[in-house]
Every structure is written in C-alpha cells, then in structure tokens.
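What follows are several structures.
Paired with chain B in one complex and with chain C in the other, chain A is shared by the two complexes that follow.
Let's turn to the complex of A and B:
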C-alpha cells in the first residue's frame, strides 16, 4: 500500500483528502494544479476528494509573472 | 528530422493553429516566435493596453504605448509575416468562459500573469477541452538560473516550470528569462504539432 506524489513514494492513509495530503506534504502554496492518475482535481474538490490507494499524484504550483 | 521532410513540415505548420491566452511578456514573444516559425493561424487574446513598463520584456515598441495589445501585436506580426491568419480578441477571460475561444485550435498556450487566473485557466481547459494540449508557464521572474527551468508533462498539460522562482510581487521580471520561457513554450507547441509525425 502506498502512493506516489511528484515521484516520491509515501504511505497511503485511508480517507485522506487532497487538502490533507497537501498539508502532510507541507505544500503550502495556495495555487496548485493537482492530478490524480492523470485526472485533474479542481480546487473546489480538494476537501472532499479522497486519495485512492496506489495512486500517482502530481502537484504543480502556479507562480505569478508573465 | 530529415531534410527531405522540410516542405512537409512547413505544410503541417501552415495548416496548424495555436491559441494564446495573454499577450504580455510570455504571450507576445511566443506569438512572434510562432509566426516566424510559420504557424498558419494564431488566436490571440488580451484586454490590456501597452504601458511603458511593459517594454522591458514584451514584444512592443515605444511608439505603441497606449495602444491595445491585440492591435499592436497584429501590426508587429504582420510586418514579419503578412500572410498569417490572426484571430484577435480584445477581451478579459472570465471564469467559467475561459475555454470557449480555444475549442478549434490545435494547441493552447497559457501566457497569463496572475497565479490565480493561471490556475483557473488550466483547470477550465483540462476540464472542458480534455483532448487538447495546453502549454503553461510558472516561475518566470528574476535572472540567471536557466538550468532550473524544466518541462513537467502531466498528460496533456505541459508546464514550463521553475518551482524555485519567486512571484512577480517579490521579484523583478527581465526580458532574457521571460523571453526564454516564452520561447520554451513556443518550442513545446511546435514539438506537439510536429513530434508525432516527424519525431523529436
């Protein structure tokens, strides 16, 4: 049992939401794009979306400037 | 890439279209680069007018201050390539309606400046146009550190990314690094258009 976040293997925790995972990873950036197994998770779903076991998660953060 | 493919490559690019959201430092430079590369049609969106402070990185000229960016970029691109087809939209992208102008382009470039709007735009494109490739950028401020810039590929989302860069509220924007990343985005867009057929 385990998940992979940005290439890093970590323990899977039952009933962990995206918000809780971001907190556990100490990702404090407010504006992130999250994909679970290639599917986009909207920020409005971060509190409810539960991380499935064995999933591969990508987190990127958006920085102002252009 | 083989030399005998050159004509075919030019034909593919001439029949391709790229949409660019934002015509600031990223968008104006990417648009000019793609026009030079021979992309046949660009869909360009911005609501802003040119200010003097934009000239440190954006593809405009002193005598264009006060002009709408969509009109100035049209003038500048047509001086390079009068044949290119430009769809210009002088509008602000509003949440909930961000993807509609991009439904018929081959590749989308995110060239916005505010992190929140960048995030909203990427979310809407991935949700509403899931089969479309989008090339975004995050972390363009400062100077040097070119080797920190990477491409993160998450499915159809390609992110030109320096995750150590600061926000433009906390660091300056300079032409070399902004133009580098704008052209990095343009380079990925070309790779998406040609890669499958002609290799990388």
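Let's turn to the complex of A and C:
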C-alpha cells in the first residue's frame, strides 16, 4: 500500500483528503494544482476528495520566483 | 479610484526638503566637450545608431547599427556584447582605461502598451569577476536614451575630474561637463540634477529627465550598483531602481562619472514607432487584464512587490539565514510581507516605467533615517525587494525598519544590497568561528544579528576608510577568503566552502542545498551566481518535474536562453511568469508559461515587423549567450573550474547544519547512496557529512557534464567553433580564438568529463572529441 506524490513514494493513509495530504507534505503554498492519476481536483473539493490507495499525485506549485 | 489610492494633488511624502543653491552649483560646471547630432525618429523599435563617448580623449561619435548587427545580436545586451568585443582586449580589467561601461536599450524598450517594457541592460568588465557582468534595471533612462536617439551608450576612458555626461534629446546635443559641487550619493544627486536640468520648473519637465548615478559606496568598493532614476509625479521626487550586480557603479565612479543624464523632448505611446500598433495594443491589453484580474490571487505583486516570496521561502526551507546555514528561522515571520505592506505607501500605480500594470516598485515615504550622514532626515526608501529582505535574514537581523535603513543606505551609497548582505553574512560566520574577530575587523563586532555594526561597516566604506579590513572586506568574499587563508587564520576548507561566491560574485538569496538544478542555475552561468538565468528550485525540489540529469540539463539550457531574451529586448522578466494565465498549470510545460511566450512572439513581430516564431526567440538568445561565454573564455575564464560553487550551496558544511536537518540527510544517505539504517545509526556525523560531500560534489560534476553537452560545449565548458557557426556566428577572430583554447585545453588534459561514472553508458557521450 502506498501512493506517489511528485514522484516520491509515501505511505497511504486511509480516508486522507487532499487537504490533509497537503498538510502532511508541508505544502503550505496556496497556489497549487493537484492532480490524482492525471485528473485535476478542483480546489473546492480539496477537503472532501479522498486519496485512493496506489494513486499518483501531482502537486504542481504555481510559483515562478526569482 | 482604487481603495486606499490617494489623489495626486493631495499627496505629500512628508520627506525633508533640501535647499541647494543650484545656480551656484551649475556655475561651477566647465564644458569639456560637446557634440551635436541630428534628431531622428525611432524606426520599428530601433534608433539605428549607438553613442560612443571617450572620457580620456574627449571623442564623442555615433556608430551605425547595421541590419547584420540586428540579425545577430537583436539589441540590448546583445549589442552591448558586440560593442565590448570590438573595444576591449583579453587583458582588459575593470579599471583599465579601455574598459567600457555600456547601457543598452533593446527594440521593445520604451513601449508603453505591454507591461514591463522599460528595462536597460548594462555591461562592463566586473571588478568582482574580471569577466563581463550584465545587469538589468528599470527607471526611465533606457527608454529616454532611445527616444533621445541612441540604442546604446558606450563609455570608454576616464575623466581627470568628476564629470556628468548629458544627452540632451531636446537640443540634439551631447556634452561632458565637470561637476565639482554636486553631491555623489544617489538620492541627492538625482534630485539636484533633475531640478537643474528640467526645462521648466514643473512635473512634466522633470519627468522628461532620467539620471544614472552611483554613490560613495560604489567609489570605495567592488559592490557598486548603478541607480537609475524615474521621476514620480505623485511623490514629486526622482525615485531609484538599481542595476545591482557585478560592480557597475564602481566602474562608473572609477571613470570619475558622477552622473549620466538623459533628457527627452517628448515621448508617448507611439514613440517606439511599432510596425503593427494594432497587434501590439491587442497583446498588451490581454496581459493588462490578466494582471488586473489575477495578480491578487497569485503573487500579489501589485500590493507587496517581490517581498511576497519571504514567507514562501521560509516555509519551504529556502530562505537563507545565518549565511545560508539554514533555510528557515523561527523569527523569520517578522520579515513576512504583511509587515512591509504596513509600511508601504499605498499609492498606485507604482511601476518603474509607464504602462507597467504589475507595478511592483514599492516605496516607504517619510522614513526617518536612524544612522549615518542623513540621520534624522525623512526620506523615501525604494523597495525593499525580496533579495534585500533575504539579506537581513542571512545576517540574522529581523527588524523591518532596519531592513529599510539598510536598503536606503545601500541605494544611496550605490552598494548592491545582495553582494553587501551576502558578504557580511559570511564575515559574520567567520566571526562566530573566531577566524575574524574584533581586532581583525577594525573594532567592529560583526557577529550575527549585530545590526548596528553592519551599518557602521557600510558608513566606513562610504567614507573611504582604508584600514586593512575595510579595504579588503569591501572587495567582497573572494578577496576576504584569500586574505584569511594567506594569514592562516582558519581552516581553509571552512573558509572556502562557507563563503557564498562563485566566479568572485556573491550569491543571491536562495538556499540551494536540496536542488541540484538550482545549484547549476547559480554555478553554470555566465556572470556568476545570480538567479536571473534560471530559477528552478520548486520545479526541481518540490514538483520533482526534472528528475534526471538530462531533464535538468534541458532546463538549464532552455531557461537561461529564454531569460536572456528579455535582456536583448529591454524587457522586465516579471510579467512573464509572476502572473500566469488562469489555466497555465493544466497545460503542458506550465513552467514555460506557453501563452505568454506566444505573447512575446507576437509582441516582437508587432514592433520590429519581423516574422519570427518561438524557436527563433531562443536562437536570438543562444547567439548572445554563446558569444558572452566565448568572450569569458577569451578573457581567461569561462571554464569548468570557473563554474565551481562552494559546498555550502550543495550541502551541510558543518556538524550543526547536518544535525539541524538530520532526518533529511540520513534519508539521503539511505535512499540516494544506499547505506543501511543500521550502519547510519553507528556512524559519526563527520563521517556522514564526508559521504554526502563526496556524493553531492560528484552530482554537480555530472550535472555540469550534462549541461555542457546540451549546450554544445566541450567538457571543459568552451563553446566550439562548430556550435558558433551553427548559430550563424562567423567572426573569424573569435572562431580561431576558441579553436586555440580548445587545443590548449586538450593538451592540458582538460577535455574530460568531470563525473565519476561507474558505467560508461552513463556519460553524456562516449565519443572521444565528440565536439
């Protein structure tokens, strides 16, 4: 059991929402686009959308910096 | 009216007033030489001539810009490189008579329809690095230089006494005048000259003047920046923007130039005379709307400028604290953007050139100066920007008001905030280790957090004090490293690896330990460790979007080329990716912001009348990028050894650094190096540091290999004649020089890959002499 977040393997936690995952990853930056197995998750669904086991998550930080 | 906006007529900065006798000051001017020129309109973004001024012999002349020059060098920094190549020698150093200070514009510079179109690009041989330094800057000077009739100004030689150079676009006249009584510090001389040379005593006339200057700090250090003024009709005051990096201001003062002044007769939205004004307006309007609608949800540049980055960097362990030992700090929240927002004067718009909706150029008006020669005066402080705040954090100084004081004095003294802050942070760490001490620092207690000592150090530089410490420390980290090592005051390894410079230039304010690509973004650069070539930290470290050496090399090819393009055209980089179209993250290659790239294709075509595509934009940059690297080779540098970076930017130098992020580094040993949990438990920290040290240094060598290969250079980092020819660069003198250098490297055994490859198929290429 496990998921991949931005290419890094981590444990899967049952009933973990996108918001909770972001918190666990310490991704505090507000402007992120989240994709679960390539499907975009709407921001309004971050609290409800549950991360399935074995999924691949992309958390794209929309920051350009410098 | 936008909420919080103040009407022009109701606004008063509350700053102290200066009562100068400007007539008396002007009467002391002596004209050294004059030159009259024919005024001409701009054609499709080009004035079609450059201006040459020689201060040693008084020669002033025009140089024609040919179609061939436009084709090969585009404009801006490209023109600057071409002019330098034609004028300097391989042994020219920053203070040589023939070294030049060049200020260029670019075909899109001066446009008011598209945000961020007023940048100048300045070039010289840098005192810090002995190679070409380029630095971009806002303010009105670049557009006005072009509207006065020139795509660039090239200044060679040195004056015998302090002078000002006046480019009078109203009269069509260039003059060099002595200027014995003017102030040197920038906030003063900008105001004096604006008042003195305005045709009439009103805002409209004052707004037609822009001044380049550098203060007393520039005169007495290698950190001199150039201050470019832009008269703010709301504040009734010439504000300043800086070409910060590489000591351009030190070169200005070494040539005994107090200021360069440009004055225009008129300018408006069509002064740049674009080929297709309709398309230009269309592309510009689209971006104006995007900024208006999205900025507040994205970077919030219009409210706080680049300071918005402080909290993000702190959260992701990237904000340099205590000389880059750490990337976050419990007190950092004192420097978060809301604390500066409270201090900023909320008048908008706040752009550094007309038509910039992004308007990130913030100020604090009526700031009471706390120390030094202007103590007690109320002044306007331009900024601070993220980098300046990052310097505070790097020196462990957590007071926003102190940051403003530091910012004010850096600007008016003409000191680059980045080099000054980064260097002092290094001196502070050396002080902590006892390698420096009060005696060696000329009585200054330069320990982390000593805000008072930092300002005193800067005032002493500005006063031109000549004690050993001030004289050497004002030349930057590289010279101080040599001084400490020569005197055997400390461990060479600690001194070399903790001092954050590469090529002689100080790092800007990002912690790169966990992003190999960003280490390359600082090291595998032309002028030194400045983030303007590539900023890949999030893409690499967080998004993990470029995991392989090949991916990273591709990014370190594309982004430097793309970002170079702004400097060829007279543009600001910020409107490219500090606001992004709503759907940007959902499309392929979001980090390139493809929709904005297309805007720039349309924009350049609309101004110049060309018919280029996005690949050709990259080609424009690639020509200039390789030309600059080739010139660095010609100047005796530009090789693998020159692209080396201090270990502090790759990983933990000290035990304390390791322990502070122990979990991360232990995990690194397990996952990347394959050491077992059990073994790690038994290892001493020093042993673990050594293993990571060897591993990460090898990673950097492999990255260099991949990048050189991608860029079409030899394994020692030299652009090949074949590559140059492929780009259309056929200058025989340059091609021969490159061939000779490659042969010499070959004989010295330097054309080998730097990485330690176990499997020969891992190398970028197995062919001997693949180049």
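Some notes on this structure:
Everything below uses one rule, namely that the second predicted complex is superposed on the first by the 63 of 66 C-alpha atoms of A that agree within 3 Å, B and C clash if a C-alpha of one lies under 4 Å from a C-alpha of the other, contacts with A are read in each partner's own complex, and residues count from 1 in each chain.
Criterion: a contact is a pair of C-beta atoms (placed from the backbone, for glycine too) under 8 Å apart; a residue touches a chain by one contact, two chains touch by 3 or more.
Just so we're clear, the structure is a prediction, and the values are computed from it rather than from any experiment.
Of the two partner chains placed by the overlay, chain B and chain C both lie in contact with A:62. Using the contact criterion defined above for the overlaid structures, shared-chain residue A:43 touches chain B, although it does not reach chain C.
In the overlay built on the shared chain, the residue A:16 is in contact with neither chain B nor chain C. In the superposition on chain A, contact of A:28 is made with chain C only, not with chain B.
Contacts of A:8 after superposition on the shared chain: chain C is touched, whereas chain B is not.
Residues 31, 33, 40, 58, 60-66 of chain A lie at the contact with chain B in one complex and at the contact with chain C in the other.
Remark: chain B residues 22, 24-27, 111-116, 118-119, 122-123, 126-127, 136-141, 152, 154-155, 157, 159, 161-163, 165-169, 171, 173, 178 touch chain A in the complex. Within the complex formed with chain A, the residues of chain C that make contact are 297-299, 309, 312, 315-316, 508, 510, 531-532, 535, 537-538, 542-545, 547, 576-578, 580, 584-586, 590-591, 593. The touching residues of chain A, counted against chain C in their complex, run 6-8, 26-29, 31, 33, 40, 58-66.
By the touch criterion stated above, chain A contacts chain B in their complex at residues 31-33, 35, 38, 40, 42-43, 58, 60-66.
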